[in-house]
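Should a chain be cited, it is by its letter among A, B and C, assigned in written order, with residues numbered from 1 in that chain.
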Amino acid sequence: MTQPVSPPRDDTPKVSPVEGPSQWRTLAARADVRTLSLLGVLAALILIGGITKPDEFLDTRNLQLVLTQASVIGVVTVGMTFVITSGGIDLSVGAIVALASVWATTVATQEYGFAGILFTAVIVGVGCGLVNGLLIAYGGMVPFIATLAMFASARGLALQITDGKTQIVTVEGVLDLGGRDAYILGIPPLVMVFALVTVIGWLLLNRTTFGRRSVAVGGNAEAARLAGIDVRRQRLYLYLLSGLCCGVAAFLLIVLSGSGQNTNGNLYELDAIAAAIIGGTLLSGGRGTITGSVLGVLIFTTITNIFALNNLQSDVQQIAKGAIIVAAVLVQRRTASTT
Amino acid sequence: MRKGPTAMPELTSRRGMLFGTAAVGAGVLLSGCTSNESDDEPASNDQPAADDKPGKPVTIGFAGPQADHGWLNAINDNAKSRAKKYKDVTLEITEGSNDTAQQIGQIETLINKKVDVLVVLPADGKALTQVGLQAMRAGIPVVNLDRIFNSPQAYRCWIGGDNYGMGLNAGHYIGEKLKNKKNARVIELAGLDNLELTKQRTQGFDAALKNYPNIKKVARQAAEFTVESGQAKMSQLLQAQSKFDALWNHDDDQGVGALRAIDQAGRDDFLMVGGAGALSAFQAIKQDDGVLKATVLYPPTMAASAIDLARALGQGKGVGGLAEFEIPSSLTLYSAVVDKDNVDQYMSTGFK
Amino acid sequence: MAPEPPLLTMSGITKSFPGVRALDGVDLDVQTGEVHCLLGQNGAGKSTLIKVLAGAHQPDDGTISWRGEQVTLRSPIAAMRLGIATIYQELDLVEGLSVAENVYLGHEPTAAGFVVRGKDARASTAALLKRLGHSEIDPGRLVGDLSAAQQQIVSMARALSHDVRLIVMDEPSAALDPDEVDNLFRIVGDLTDEGVAVVYISHRLEEIRRIGDCVTVLKDGRAVAGGLPAKSTPTREVVALMTGRNVEYVFPDRPEHQDLPDPVLEVQGLAREGEFAPLDLTLRPGEIVGLAGLVGSGRSEILETIYGARKPTAGQVRVDGRPLRPGSVRAAVRAGLGLAPEERKAQALLMLESVTRNVSVSSMSRFSYGGWLDRGAEREAAHQATRELSLRPDNPSVPVRTLSGGNQQKAVLARWLLRGCRVLLLDEPTRGVDVGARAELYAVIRRLADDGLAVLLVSSEVPEVLGLADRVLVLREGHVVHTAPARELDEHRVLDLVMEGTPAS
């Protein structure tokens, strides 16, 4: 054992120039670089769309269309962002959307009208989230496995409810909400819900103890636990939140498509994860950005829109989507490592 | 959600076979398979089956995929109710599965039970070829339903729909409707693009349109046989094409979404032709108050016909109305166009 | 030393990372068969230098000569081919593979080029382990099942499985008990007798005196002294080179406690089967109590059990006379306990977050109204806590990972200071902290005690416990073998106790 020896008080850390007093600026700049690069991608896409199809792309109706199409997956992605930020994953979002949308559109449910459909969709979403949360937080299951199990069961249950049949919505109030007449100041109600969920999500993540705890649990669950955070309860809440978002998304999907089908929400889990990751949320947890996630969703939706307007086929669309995921993540790694 | 053969390499030659053209009237080629059937009514469940006279008892094993789609659900229903019609038929039906390994297991179980005839709608035709061969070697004739096995040795008789024909008939229907219109514009909402059947439907459609020089196909987007994707893709197509005259939609299920998008966009300036033959499509055609004017069949009644074929095979009989002693090795069904004029006839075959 | 050219000559090695010049023209000569020690504070460039030597980093400038010939170490494999093996501080073993599989990972003995001959690998692994004096390790066991010391032996066996001429050891003694250290030194002696050179990195001067031949001191990326004789260079000179200033011993004065208030923490018969025997302990405000013992004596387990991170099998913990719910960290934190755990990065810090958020994480409800955070108040309060502990830089917005080890520890202490915690449990508070920064940390801990905190301190460095604590409990294999005021103990007594268990009269 050595005698610890020490000089009198002087603990100047060995830091490099960039880690000096201007650190906060670097930190701010880094966050900005990430958001700016996403905005840059979006701007480039808008430019491409505007050049290739000036009349169809740069059109109010098209803007409404793109935002409407982004709404359903967007709401799911906000919930997913919280889960990933906390170091988890939710593979069951698509299946929960499917289950909630068919449960809410059965003949029995439709008898209760608008409120019945909305209530059922939300409750089914929250219920599935609760099961996920309990299995993960208190059952000690790995999120990947627990939500994979939910994925399988929810899809199975959705199939059982529908028997493979498409359930058409006959409730006028729900159908009307998806039509042009329901637009308020040119904004579709679906887009308003999406915007509201985004704002609430942003505030929740950045301005509340709930968000802070989610980040802490994702950054270092053991440290969070030893700092006195109830990690398990936090996890439960996070999967509940994701389930809630799925329920809301399911309702939006019912409004949009005027029906419920067990194939709804196909591959939502991958789309939501991809949007969150290219937005800058760390897959390993500890950092999440609602702004980035929403930009990620808008980028994907805009690509799909531009491709469809230019009559490019789905094979090309899929290739481009994959390439953009890779490019976005590479650019982020580059910016993250140089700052 | 997939329907039709996932792969049909011998499609062209099959289509050329005489049965497709020999069919009389619309609907299923052979509504009954045993002797003295001369009725050209379609084989729907409430039609009297040919030669109902009880014959030698036959046990038919039926294995299909998971019924996660309206059409597949209708396949199961058709098979079951057809079998119920015959006192001499016992149907051994398995739990539907999309898992190849599981379906192989189910079929092997049926072979071990020594059923007289097997009717198989494979989840994946190529992957189940071996078990088809196995059954044939065990002396059990196999009726291969719709999704075709890799080898003709794996089945005694194949019966299925005609995807190329669907496209062809849809194209001709639209072509005739727009015959007198100059510079007519047509768009296509296809099904899941990584299925071969989608490509075949598109090829047939394109081939038919070649006969009408005044018509140009201006856009095509692929949906995924789901309402959700139908709504999404259709709304994009409507935004991309401010003016067109006709739309062919491959699938009535995704058509629910497509119609929703058309409604949301407030468009009614074109005619729409669907595909497959869903009940909701038939009802819309009958009401005739929207853009949907017709749909091209991919009839689930083929499952009922498959039961007929299996029964005939089990009892060693031939097909009525034909000179042949034996059941044909291949039957391609006709993809009839259902419009306002004949929709009542098909209403009962529409699936949900 | 041999008259031939040095085994290894590194000259003018320069390596920059974005924003940091980690190495700035470092020279290093290593002779065949010598033990060459590298000394330097954290961040002095030792790790970067050995990574260059291992082929893991490419230098921006400078040359490397191997037995008189200039070479380029393009990759770890290239370095290994020359005969340079590196044993890193963080062991790079695959826990799910067996000992033999780890030793021969990447160069498995094969038949026909690809069939692994497991039996051969196990036999030669057994031979290597025997040579290292650890024939009790079964080559077929999973590495994950071995103790840290045994894993280090496996790491060494892996190095020796190559035709090795130079072994680089990065703080090999850090995780070892004294008898294990003796064995390590014996192995080093054997290796040098065989003509293998060793580059040895350690914080512990006494080790360097025991086995080193010469010393190179690094400071701020430069070699401030090369080839000093290891045995005869005065400590004062070495430390002066490392820190750039003269040093003195530095524990804060121990106040004379007259009437301490009633105990704030009472531990009664607390035990965990297989880890530590029933323990009684009282802690009064203003008092620092030390737990001394070897690795595996149950020190950390005791702290974590008191804190509720582990559930006791017997006994209870009382705070202000009220029993704590066993096995609940939240209950402990609410009652006023705070833990600065041993593995700071893994157990305490949110490395992606700012200092503010690391400090405020346990007190968020104080800055929130119905879950809504008042970030201004949060930042202000966190800043005040860090300022009280003289955390540098004096800017709580910087990411905590950019701080030095000592300042990271201060961030953890600030967390509990802000929380208003009354009992502070410190597990190895100076691990990974620069020698120069320790004194200040000691002063901070004492000041917190003087302000009325009760502190329970665990350290594997006996002088630290003796220098800082008022009272010391000596642990041996989960049992308290002796309790005494710190001033009545000295290092030798404590070492006797922890090793022999015989309480001296």
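By definition in this document, a residue touches a chain if its C-beta (ideal position, glycine included) is under 8 Å from a C-beta of that chain, and two chains touch if they have at least 3 such contacts.
Everything numeric in this text was worked out from a predicted model, so none of it was measured.
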{"item": "Other chains in touch with both chain A and chain B", "value": "none"}
{"item": "Most centrally placed chain - per-chain CA mean versus overall CA mean", "value": "A"}
{"item": "Distance from the mean Cα position of chain C to that of chain A, given in whole angstrom", "value": "41"}
{"item": "Chain B and chain C, separation of their C-alpha mean positions in angstrom", "value": "71"}
{"item": "Residue numbers on chain B that touch chain A, as the complex places them", "value": "1, 66-70, 72-73, 193, 218-222, 224-233, 235-237, 239-240, 242, 253, 256-257, 260, 263-266, 278, 280, 352"}
{"item": "Interface residues, chain C side, partner chain A - complex", "value": "18-21, 41-44, 203-206, 220, 235, 239, 243, 245-250, 307, 309, 329-330, 332-334, 339, 341, 346-354, 357, 361-362, 364-365, 368, 371-373, 375, 390, 392-393, 395, 397-399, 402-404, 406-407, 415, 419, 430, 434-440, 442-443, 460-464, 467, 491, 495"}
{"item": "Of all residues in chain A, those that touch chain B in their complex", "value": "53, 55-56, 59, 61-62, 65, 68-69, 159, 163-166, 168, 178-180, 253, 256-259, 261-266, 304-305, 308-311, 313-315"}
{"item": "List of chain A residues in touch with chain C within their complex", "value": "1-21, 23-24, 27, 207-210, 212-213, 215-216, 219-220, 222-230, 282, 286-287, 337-338"}
